[in-house]
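Structure, as structure tokens:
Chain naming follows the written order as A, B, C, D and E, and within any one chain the residues start at number 1.
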Amino acid sequence: MTLFASNPWLAVAVPVFVALVVAVAGKRLVGMTQWFAVLAPVTAGMVGIAGWNSTAGPQSTSWLSQAGTSIETGIAVDGLSAIMLIVVGVVATMVVVFSVGYMAHDESRARYFALLAIFTAAMCLLVMSTSLVTLFIGWELVGACSYLLIGFWYRKASAASAAMKAFLTTRVGDVGMLLGLALLWKATGSLDIAVITGAAPGLAAGTATLAALLLFMGAAGKSAQFPLHIWLPDAMEGPTPVSALIHAATMVAAGVFLIARMWPVFDASEAARTVVLWIGTFTAIFAATVACVQTDIKKVLAYSTISQLGFMFAALGAGAWGAAMFHLVTHAAFKSLLFLGSGSVIHGAKTQDIREMGGLARFMPVTAATWIVGAVALAGIPPLSGFFSKDAVLASVLHASPLAASVLFAASLLTAFYAFRVTSLVFFGKGRGTTVAHESPLSMTAPLVVLAVLAATLGFMGDPIMTALGLEPEILSFAVAGVSVMVAVLGLCSACALYVNGLGQASRLSERFSALHRLLLGGWGVDALVQRVFIAPVIRFAGALYVWLDRLIIDRAVEGVGTGSQFIGRFMANLQSGETDVYASLAAVGFIVLMGIVLWIGR
Amino acid sequence: MTLTILAFALSGLLMAGGAAVVALTRDLMRMVIGLGTFLLGVAGMFLFYGQAFLATAQVFVYVGGVLVLFVFAVMVVHRSSGGRPVLESRHDIGAAVIALGVSGMVILSLQDSVGGWLPASASGGAAIATELLGGHLVVFELLGALLLAALVAVLVIVGAGERR
Amino acid sequence: MTALAQLLESLRPMLSIGWLAAALAGAGALAGLVADMFDSRKTGIALVALGMAAATVVSLAAALLPLETQISGISSTFAVVLTGAGFAGLASVVYFTAFLSCASGLGTVRENIRVPVAALIAVGAVAGQVLLGADDVLVLFVALELMALIAYALVAAAGTNRSDEAAIRYFVQGSVVTGLAVLGLAVLIGLGGGVSGYGELTAAIGLLAPGAALLGVVLLVSVLAFKVGAFPFHSWVPDAYENAPAGAAAFLSSGAKAAAIGGFTVLFARLLTVDPFLPVAAAVRIMAVASILFGNLAALRQTSVGRMLGYSGIAQVGYALIGLAISPRDTLLFASTYAVAAATAFVALEYFRLAEPGWDGSVAGLAGYGKTHRIAALSLTISLLSLTGMPLMAGFWGKFFVFYAAGSSGLLWLSVVGLIGSVISFGYYGRVIRSLYFDAASAAIVDQDEQGSSASLPNVWPSALGASVIVLTGIAPLLWGLQLVYALFSL
Amino acid sequence: MTALVLCSLVFGVGLYVVLTRREIIAILAGVELMLGSANILLVALASFAGADGGVIGSVALAVLVVAAAEAAVGLALVVSLARRSKRSRVEELLEVKG
Amino acid sequence: MLTLPALILVPLAGSLIAVFSARRSATAPRVVALIAAVAEAGVAVAALVSMLATSGERLMWVSGGNNAVATSRLVADGLSIPLVLLTALLGIVAVAASWRITDRPGTHHALLLGLEAAVMTVFLAGDLILFYVAWEAVLIPMFFLIGGWGHENRRHAALKFFIYTFAGSVLMLAGIIAVVMTVRSITIGEIGNAIPASTQMWLFWLLAIGMLVKIPVFPLHTWLPDAHVEAPTAGSIMLAGVLLKMGGYGLMRIAIPYAPQGFQSAAPVMAGLGIASIVYGALMALAQTDLKRLVAYSSVAHMGFVVLAISTGTALGYAAAMLGMVSHGLVAGLMFLLVGSLYERTHTREIARFGGLGVTTPRWGGIFVFAALASLGLPGLSGFPGELLAVLEGFGAFGWWMIIVAFGALLGAVYNLTAVRRVVHGEPSTEWTHLSDIAPVDLAAASLLAIGIVVIGVTPGVVMRLTDPVVTVLARALGGGS
């Protein structure tokens, strides 16, 4: 343990090493190396556990320096990063183990496991860094791993496009983050997080707000907040364990982590927090509505993740970053559980469309049991973990803005509704699918069980987490809890009532409100709007610019100089007419002109 | 005095008249005769300015040499055409302007530098020889080379022109 | 190195006689003519070339071992021709170009007049040595006329309808200019009181009415401008270069022109130093700009290589005119680098003419020669790059020093014009290189090459020699500093 | 003054002949006019300036010789042209241009 | 310090031997060239080592000893050594990329090595004359490489390349003349008489214009796509990898030190050009249907960052420019290597005709993805540190204009990933089902570059330690501490 406590860099180095070994070993040794790959997240988790109460100072080194100005890189483990490390370590371990079964038949397993290991390394770098530069490096690297993993089955055009969309959308946020870095660099002369947070209270109000908003832009991109959420549903093209790890538990939560990490900057700006609160709140309700009508099991989970992240941002906006982190942790547990569960379902049922499933509980008892644990936790029903963390979030938001809180209650209702809509459709009722499903192997079910236990119990970890973060423990607010439970149960019951007997009632409903249904199904048209307003015009603009400006004006001008001088040259050469008298007169004329010039100059 | 003026006038007349014939006649042989007249006028002018040696040389070299060359050339060139060839000119304003321009520029530039009549200073062949073999020996040598080169040049020109 | 230096030191007294080079050249020419009488034409040309080679070496030695730091006359009694170090340097270049020209074998000239043509070139080189150092108006005039007569004959030596035509037109234009020259002599020597040396003339024309003095000077400037082929006295240049036999054009375009530039330079350095003549310098600058623009632009669309080189020669003269009134040394240096490059280019063309009888003289016709005639093509390429003024070639130094001199005199804009001209010039030089190397040869040429490979090929080494001189003198200053350049052309 | 005007004008006439005559031999005659008149101008100007006759004489002689040699070469060119291609007029010389 | 002349002489000697070895056998030149290139890299490393040994300031070599009046001198300091190493590395890669050339291999490799020697001379030149000579000398072999071994439209492209860049550099020569005649010394950095501020205003642009053409910035860039597309692979690698760097190097070495005040007033314009290049290059790359042309335009965008970094005039800005140049050398070299290797096997560069190459040629596809990620400035790879510093410093100097830059960086991701999606991803096109994967030689060369990309990306400090002393001096001369 002391090894990990005093050498936190192992959390980065070991996964990189693992990745190299797996990559080099390639196809030949996949059987062995895929178990070896577990080493990567385990190390990360160990470092997190070791660093929980560690007093070891940051380890930093100059990344680059010039003429006395230096940009430092460094890593350190404190409470916040320890929590993140443990989350990453545990979920990643489960995912790797799950993947051994899930990816058993894929040819490119080596690439898959290597990328998972690199992702682990990058994520550890992100959460441990003491410098915004290191953080940004990790930030981008996880994005790149996400890109490569979403596009893992790149033969599918949809996967390739989704990967690109994910990367580019988060990059839009990164534009803001990069500018935020630049602004902080200009304002504080450093990119060291400790320095910046130390200087944050002294920043000019405008600077603080701008910096906070720019950082939030980055966070919103990574954490799929409206309107930068559009990539996350598409990201489900990747292998399901990847969705569980990256697009539910860790990477997408990095935005929350970033704001928590840079809290003093946000603390310095009321305006920025308000923006965060409302963006989060809106995202929560918006995504929840969309999740209610999706038919792809993973899409439901994706919108659910967006919605839950909205909860966290709302908490951040309300000033309760501890609550946000708490919800992050519990969400990581139950959402990765749900994703892995869906993976197991997909593995067993060979389809992702919930309309084609049904009654799977009979064939897949373990999966079904664990899934229900996860769904209950998601719905926020006590005593499972989701209840406690959501309660903390709601309480804090209520404190900051009752209006936002009431929206969040509505979102809670929808959460419970869609969670059990899926549960009912998939596991209960009559089977609608053509194939006979089967339970998954042990390597897949074991992680489900572990995560289910965590999802059930993590709610009681609220106090230790708060302590580790250096915050006051939350006190359960009974009023809020009561309402929240009522809402959750309402959602649960209505979903069961509506869907337990199949889709019949629901489809009648959706036909009746078909316009609304289509709108929701299309995610309120945000995706199409972005496509039409931003992407297509840029590409058309680029094409037009190339044809009109680059080829027709600039290059034509360049070539025109050439042809123009040739034309003049032709004209001049034509003066050479071949007439003897003209030639002779040129000599005399030359003399006269020369004399004229001389006399004119010498006036 | 009047005699000198007369000599000057006569020479000048010969020059001007010869030049006019060269410029205006439509007959090739008459043009050659006009040229001869002009050259004689030049020789007269040399005499007038006291360069007797040059006058002699002018008569020998030009009237005796170059003029004969001209006649030969006319005969060779127009051997086939038979009869007296007709000369044509393309008289135009442009050429006249250019020619007048040059003359005018010379006259205008030099009008301040000359004036009145001149003290004629005679100089014979000896003075020229002294100068050419003295300070301007290089010129003399170059003139020798020039004549040789002219000879070779004519050889080359004519040799190149021979039909193969 | 020291042994060589000692040898040269012991030769000093002989080198001190500026005649030696001219005498050797003249002797070679005469010996060649004598040999020609006995119908041994190869020997004749070899003798002439030998004379040129000897003259080159002697002049070079005289340049590297300047007897006096000051301008030295041809002898103590007749101070009418300058043979000081810089002039000896340029003279050696003139002889060298004449040597290259003769050494090319003059295979495009009809056999019966081959030796006379070579002899004419030799005499032209001698005239060039006198011309480039002429310190006397009369000497300048006679040397110019000698050069002119030779030039007419060289153009006509090709013996084609086109060459006759070019020669006649050249002759008529030249005759008008000779008229102007005589007028100039009349004004300067006549009104100047019968003195012809620049030194005395400077004093004498100071006393003249300004109009008269300017008239005389401008007449002389016009004459020299015609000889060097500057705009607007340029009309003869493309015709002559295109239609003269390439081997003869090699001298015509290089040595003859460099000598005229030298004479022009001396005129400016020695005669036009007084204040009233500043407008003349300005006028020459205008002429320089006009030449650069006209020459470069008109060359762009030429299809014949020779004609293109003719127009480019007009532009090159423009560069020389930039330096003319500013820095004699740099102008002489430029003239030398230009001369070597031009001679090399034409000698290479002479080679192509002989090696590829089917070549029509066009740029496009050169296609593929880069593969079939590697050495000549490479030499031509190097000479064209040098003419462009690319570094690593001698031409760069020539242009650089001229432009630097212009810049130092506050005439940076003039340098910029020259530099832009250089850029345009690659538009046509580059086209030739492109043809040589990048264009596929037509099938007919390839066939010819296979057939003709056994036949005796013409001399390729003169062009290779010229190219190596270009490259060596282009690189040497980088390795051993620029003193070498200064040493050769210090005045 | 008279000499100046006379010589200049004759020079101009020579130039005019060169520029307007179509027959090449006539053009050569025009050249002779120019050279001769310029030579006289030289002598005339020299005597105005009181120059040494020897120098002027040698200059004039040089001009004379040059002019003669030039005439010879010019006539040779004309003859050669006529013999080869039966051309003797400038408008027949329009092949080389551009 | 004979390492410096050796840096120039080794490739020159190799070049001569390569020409003559072609008579022996067709494969001899490439072996000679490879040996020479590797030896050159060895000498470059030796120079690096001896420079570090001499406390990292600079190495100098003067021809003809120190007593000569006018000599050429070679100087290697922190600004040149990284580029020298880059050149040596890309020299090896270029030889590898032209490994299978059958058309006049002797001449080709000789030109390649000659080019390397000329570029080395540019980076090592200690006096203005030598600098200019080498600067122009680079054009000659490049002209022949493009014209002699290029693709369909090479004849036009070669001339255009030559004349365009020549036009820029002659103006630079005019500037150099103006400098020398004022400061009365040709030794770079030796400023005897200060140049008057009013002169500096135009002098800076005169000096800079040639370099800006070389870099190239919008709107002086149109020679680049043509030259790149038509050049043979080795030519493209050297062109993008090394030749463009001469521009940035020249700005830092010549234009700015000689005309600091002129630079200060010109900096906003230059930054504007840089920013415009970033966005414009990216947009143009996005619009391309030809893979090589896409990479060519991406060079415009990348070099835009370098111009932006330089125009901040700060130490970190200079460092960013150096990092950017080294990185772009590696990345563009890799990109062109890959595109060339692909073209060699498919004889097309049409993006639309590819697709799914990740399936048919997995190694090639993997490296291409890697190169694309490096090109879009992914942290951990070499492009990132330079771009980050450029934005950081640019924000300090030019404020919110960096929004455009940041979006330019985003566009960089767009075109790179679009290329990946259309070329590597997707269902394999039936046309290329039997396509062989990347050749071992190319793979080795690519790995070399990839290692460099990762090393620079992870520890950019190694480059900056080299540049530190000289950049400190240069930045102080501009009055900027950081």
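FYI, a contact is a pair of C-beta atoms (placed from the backbone, for glycine too) under 8 Å apart; a residue touches a chain by one contact, two chains touch by 3 or more.
None of the values given here were measured: they were computed from a predicted structure.
Among the chains present, the centre nearest to the common Cα mean is that of E. Just to note, of C-D and A-C, the chains joined by more C-beta pairs in contact are C-D. Compared with chain C, the chain whose C-alpha mean position is the greatest distance off is A. Placing every chain at the mean of its C-alpha atoms, the farthest one from chain E is found to be B.
With centres set at the average Cα position, the gap from chain A to chain D is 95 Å.
Chain geometry summary: the mean Cα position of chain C and that of chain E are 41 Å apart.
Distance between chain D and chain E, defined via averaged C-alpha coordinates, is recorded as 64 Å. Annotation: 35 Å between the Cα-based centres of chain A and chain E. The residues of chain A that reach two or more other chains are 562, 573, 576, 578, 580-581, 584-585, 588-589, 591, 595, listed in rising order. Each of residues 138, 142, 145, 149, 152-153, 156, 159, 164, 167-169, 172, 176, 180, 183, 187, 191, 196, 214-215, 239, 302, 427 in chain C touches at least two other chains. Shared interface positions of chain E, defined as residues touching 2 or more other chains, are 163. Here the chains touching each other pair up as A-B, A-C, A-D, A-E, B-C, B-D, C-D, C-E. The residues of chain A lying in touch with chain B in their complex are 581, 585, 588-589, 591-592, 595.
On the chain A side of its complex with chain C, the touching residues are 562, 565-566, 568-570, 572-573, 576, 578, 580, 582-584, 586-591, 593-595, 597-599, 601-602.
Chain D contributes residues 15, 18-20, 27, 90-91, 93-98 to its touches with chain A in the complex. The touching residues of chain E, counted against chain A in their complex, run 160, 163-164, 219, 221-223, 280, 283-284, 286-288, 315-316, 318-319, 323, 356, 358-359, 369, 373, 378-380, 384-385, 388-389, 391-392, 394-396, 402-403, 406-407, 409-411, 413-414, 417-418, 420-421, 424-428, 459-461, 464, 467-468, 471-472, 475-476, 481-482. Residues 62-69, 71, 133, 136-141, 144, 147-148, 151, 154-155, 157, 159-161, 163-164, 167-168, 171-172, 174-176, 178-179, 181-183, 185-186, 538-539, 541-543, 545-547, 550, 554-555, 558-559, 562 of chain A are the ones that touch chain E when the two sit in their complex.
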